[in-house]
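These notes open a run of structures that come right after.
Look at the two complexes coming up: chain A is in both, with chain B in one and chain C in the other.
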Partner chain A sequence: MTTSLIVFAVCAALAIVSAIGVVASRNPVYSALFLLGNLLTMAVMFAALNAHFLAVAQIIVYAGAIMVLFLFVIMLLNVKTEERASPLLVVIGGLAAVSFGAALLKSYAAIAHVALPAGAVTGSNNGTVKALGLDLFTNYVFPFEVASLLIIAAIVGAVMLSQKLRPHGPDKTLAAQVVKPQEQGVK
Partner chain B sequence: MPLPTQDIPIEMLYVGLSAILFSIGAFGFILRRSSILAFMCVELMLNAANLALVGFSQRAQNLDGQIAVFFVMVVAAAEAAVGLAIIISVFRATRSIETSESALLRW
Partner chain C sequence: MIELVVLLIKLFLVFNVIMGLASICTWIERKGSALIQDRIGANRAGAEIPVPQFSAVGLPIWGFIAKPAVAVINLTLRLAFIPLKVLGVLGVINTLVCDAVKAITKEDFVPEGTNKIVHALAPFMAVFPVFLAFAVIPLAPDFTVFDYKIRPVVAEVDAGVLFFLAMGSIAVYGVVFAGWCGNNKFALLGGLRATAQMISYELAMGLSIVAAVVTYGTFDLYEIVEKQNPVWGVFTQPLTALILFIVGMAETKRGPFDLPESESELVAGYFTEYSGMKFLVFWLGEFAEIGLFALIISIMFFGGWHFPGLDSIFEKGTWMAALLGHAILMGKVIFFSVLQIVLRWTLPRFRFDQLMNLGWKILLPISMVNLVIYSTLKLSGF
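This part shows the complex of A and B:
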C-alpha cells in the first residue's frame, strides 16, 4: 500500500463521514461544522492532487469566508433544530440518491481504466500559483474580468436584499428622531 | 460494483469519491427542509464537482480543469452571498426559513 493510497483512503473516509454528518445532524450549527470538516478534507485532497493553489484558495474562500457567512446567518435567524423528516421522504430521497449515484459510478467504471489518447498530454500538471496565474492572465483573462462584474453584482444584490423593507419611507420625521431635547444634550 | 482496483490510477479514485459525495449532497438536498441546510448541501455538491474536475485535471496532466475550479469557487462565493441575503429577506417576510413555508409563488 503506497503513501498516496493511504492518503486517499483516510481523506475519503473523512469526507464521506463529514458529508453524512451535514445531511444527518439535526442541529444546523453541527451541520455547518461538519461542512467545515468536509471542506478542509477537500483542501487536503486538492493538495494531494497537485493543486496547491486551489488547496489554499479552498481554505481561504470556503472554510474562511463562506463558513463565516453560514454561521452568521444561522445565529442571526436563530434556526431551531429540525424535526425528523418523514420516513417516506427518506425512502424516496434515498432511492433517488442511490440510483443517481449508481448511474454516476457506472459511467465512472466505464472510464476509470481508459488510457489517455496520445495527443492529450500537455506536460505541466503542477497547480502552483505561478502556473495557474500564467494561464489565468493569458488564456483566461476575459472570464477573469467577467468574474469581477459578477462579484460586483453579487455585492450590490446582497446589500440591497438585506436592507430593511420600508414601504412608506422613513419611519419617523427628522424631528421625531431626536430623542432628547437639545438643552439636555452634551454641551 | 466489481472494480479491480489495482490498475486504476490514483487520481481516478478521487473522481469516484466525488460521485459518492455528490450523491450524498443530492440526498441531503431532497431530505432537509430548512433552506439553509439545503444551501449547505448545494455547497457539498459543488465541492464534489470541484473534486472531479481536479482529479481529471491531474489525470490529463492539464491545468484547464483547475482553472474551471477557480471559477466555480468565484461563482460559489457570489452565490453564497446572494443566497444567504435572500434567505434573510424571506425570513423577514414570513418569519420562517422552511422551504415548504415559502410557497408564495406556487400556483
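This part shows the complex of A and C:
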C-alpha cells in the first residue's frame, strides 16, 4: 500500500461522496459546497498524478472564481430549498443511473487490458509548469491564441450586458454615480 | 520513516510560527494603535494583581526566625511578580490571555433563520486557506544535520507562488458565507463588498506576481530567495513590489481597504453575527494573513534571509546559519507587519467606488504595463 494509492483512494471516495451530495441535497447552498469539495479533491488527484500546474490552476480558476460566482448568484437570489421529488421520478432516475453505470463499467472493462500507446507520457516531470509551458507555447500556440480571443469576447460581452441603457448615456459625474434617490436603494 | 518524523516536526514548527505571528500582530495592533492615537491602550490586566504577602503575626515563639524569613519570602514574591506586572502594563496579558478567555467563554449564538451548518463552516473556510498557504513558504535556508539535508519547507512544490495565489482565491469563501448567513443586510453588504474587493484585486496580484516570476525565472519560492543573494528584488523591480504590497493590503481587507469591516458604517461588516470563539477565529485568520503577506513580500522582494554583511558569519548549510537566516526573515516579517498595522491606523478608508477604481482602472493597467516591460527586458537578455 503505497502512499499514492492511499491518497488516491481517500480522494476518490471523497470525490464520489461530494458528487453524490451535489445532486442529492435539496438546499442549493449545500450543493454548491459539495461541488467545491469535489473540485478540491479533483485538484488533489491531479497533484497526485504529478500535474502540479493543473491542480493549482483548477483551484485558482474553477474553485476560486467560478464557484464563487455560483455562490454569489445562489445567495443573492435566495434560491429556495427544493421539495423532494415524487417516487416515480426517483424510480425512473434510479433505473437510468444503473443502466448508465453499467454501460460505463462495460466500456472500461473493454479497454482495461489494452496497453498504453507508444507516445503516452507517464511518470514525473511532465506536469510541471516548465514542461507545460514549453508544450503550450510551441506545439499548441494556435489554440492558445484562439482561446484568448474567446475569453476577450466573453469579457466584452459581460461588460456590455451589464450596462444599463440610460437615456442620457452613462453617468459621468461622481455625484450621479454615488448618490442614489431613496427609491433605488436597498429595501 | 525519518522523512515522516521530519515532516511532523516541520508541521509543528510552522504551526508555532503562524500562531506566534498572529498573536504578536494582535498585540502590536492593540498597543500600536494606542500609541498612534495618543492614548495608553490596554494596560490593566496583570498590572494590578495584588501580590500575596505573608505576615508574621501568628508566630510569636519563633519570632527571631520567622520575621526575617517572612520578610525574605515577601521580597521574593514581589520580585517574582515584577515580570508579570511589566507584561501587564505592556498589554500582553490583556491581549493574549484575557481576550482568549473572554472569547472562549462567551455565548455562541446563531441568528434565527440562518443555516447553522454554514454559520459554523464560515470561520473555518476563512482561516484554512491562510494556514494552508504557509505550507509552501520556506522559513530558513537549507541545512544539513547528521548528513541529512533538510529544507525548511513543509511542501516542496515547484509551483509555490501559484499555490499561494490559489489559497488567496479560496479565502473569498469564508467572507461570502459569513456575510450571507448573518441574515441581515449589514452583514450581506459587508460580505458582498469584501468579495468584490478581493476578486478585483486578485487580478492585479496575479499580474504582478507573474511579472516577478518572469524576472526570476522560477515559481519555487526557495529558488526566488536564492536568486536575490547580492541584490534584493525590490531594487530590480520596485514597481512590482509596490503593487504587490498595495494589493496585499487590499486582499487582507486591511488598512485603507477595510470597507468590508468598516466599523462606523456596517456595524462590523461581514462578521457582525459572530461572537465568541468564531469571531476570534476570523480575527486570527486576518492576523495570520497579515503575517503571510509580510512573509511573501519579504521572500519575493526583500531578500528573504539574506542580509548584506550577515551572510558570511556562519558557514552555509549549518543549523546556526539556518537559525540566523530564520531570525533575519522574521525581523523583516515583523517590520512589514508593523508597517501594515501603522498604515491601517494612519490612512482614512477608501470609498467603495474609489476602491474599485483603484483596483480596475489604476492597478490593473499598471501591472499589465509592468509585465510587458519586464517580459521585454527578460527577452532582451537582462
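Here is the rule we use: the second predicted complex is superposed on the first by the 149 of 187 C-alpha atoms of A that agree within 3 Å, B and C clash if a C-alpha of one lies under 4 Å from a C-alpha of the other, contacts with A are read in each partner's own complex, and residues count from 1 in each chain.
Methods note: contacts are C-beta pairs under 8 Å (C-beta built on N, C-alpha and C of every residue); 3 or more make two chains touch, one makes a residue touch a chain.
These numbers come from a predicted model, not from an experiment.
**Q** Is the arrangement of chain B and chain C around the shared chain A a clash or a fit after superposition?
**A** After superposition on chain A, which the two structures share, chain B sits beside chain C with no clash.
**Q** Please name the chain, chain B or chain C, that touches the greater number of residues in chain A.
**A** B
**Q** Go through the superposed model and pick first if A:A65 touches only chain B, second if only chain C, both, or neither.
**A** Both partners, chain B and chain C.
**Q** I'd like to know which partner A:V56 touches here: chain B for first, chain C for second, both or neither.
**A** Only chain C; A:V56 stays clear of chain B.
**Q** Name the contact category of A:L39: first (chain B only), second (chain C only), both, or neither.
**A** In the superposed model, A:L39 contacts chain B only, not chain C.
**Q** First (chain B), second (chain C), both or neither: which does A:Y140 touch?
**A** Touch partner of A:Y140: chain B, not chain C.
**Q** Could you grab the smallest C-alpha gap between chain B and chain C in the overlay, to the nearest Å?
**A** Scanning every C-alpha pair, the shortest chain B to chain C distance is 14 Å.
**Q** Quick check on the output: what are the common chain A residues between the chain B footprint and the chain C footprint?
**A** Residues 53, 57, 65, 76 of chain A touch both chain B and chain C.
**Q** Which stretch or stretches of chain A touch chain C in the complex?
**A** So the residues of chain A touching chain C come out as 27, 29-30, 33, 36, 52-53, 56-57, 59-60, 63-65, 68, 71-72, 75-76, 128-129, 174, 177-178, 186.
**Q** What part of chain A is in contact with chain B in the complex they form?
**A** 4-5, 8, 12, 15-16, 19-20, 22-23, 28, 31-32, 35, 38-39, 42, 45-46, 49-51, 53-54, 57-58, 61-62, 65-66, 69-70, 73-74, 76-77, 79, 82, 85, 89-90, 92-94, 96-98, 100-101, 104-106, 108-109, 111-113, 116, 120-125, 127, 131-132, 135-136, 140, 143, 147, 150-151, 153-155, 157-158, 161-162, 164-165
**Q** Taking the touch rule as given, give the residues of chain B at its contact with chain A in the complex, in rising order.
**A** 1, 3, 7-8, 10-17, 19-28, 30-34, 36-37, 39-41, 43-44, 47, 50-51, 54-55, 57-64, 66-67, 69-71, 73-82, 84-89, 91-93, 97
**Q** What does chain C use to touch chain A in their complex?
**A** My answer: residues 115, 117-118, 121, 157-159, 162-163, 165-166, 168-170, 172-173, 176-177, 180, 185, 189, 192, 195, 199, 219, 351, 353.
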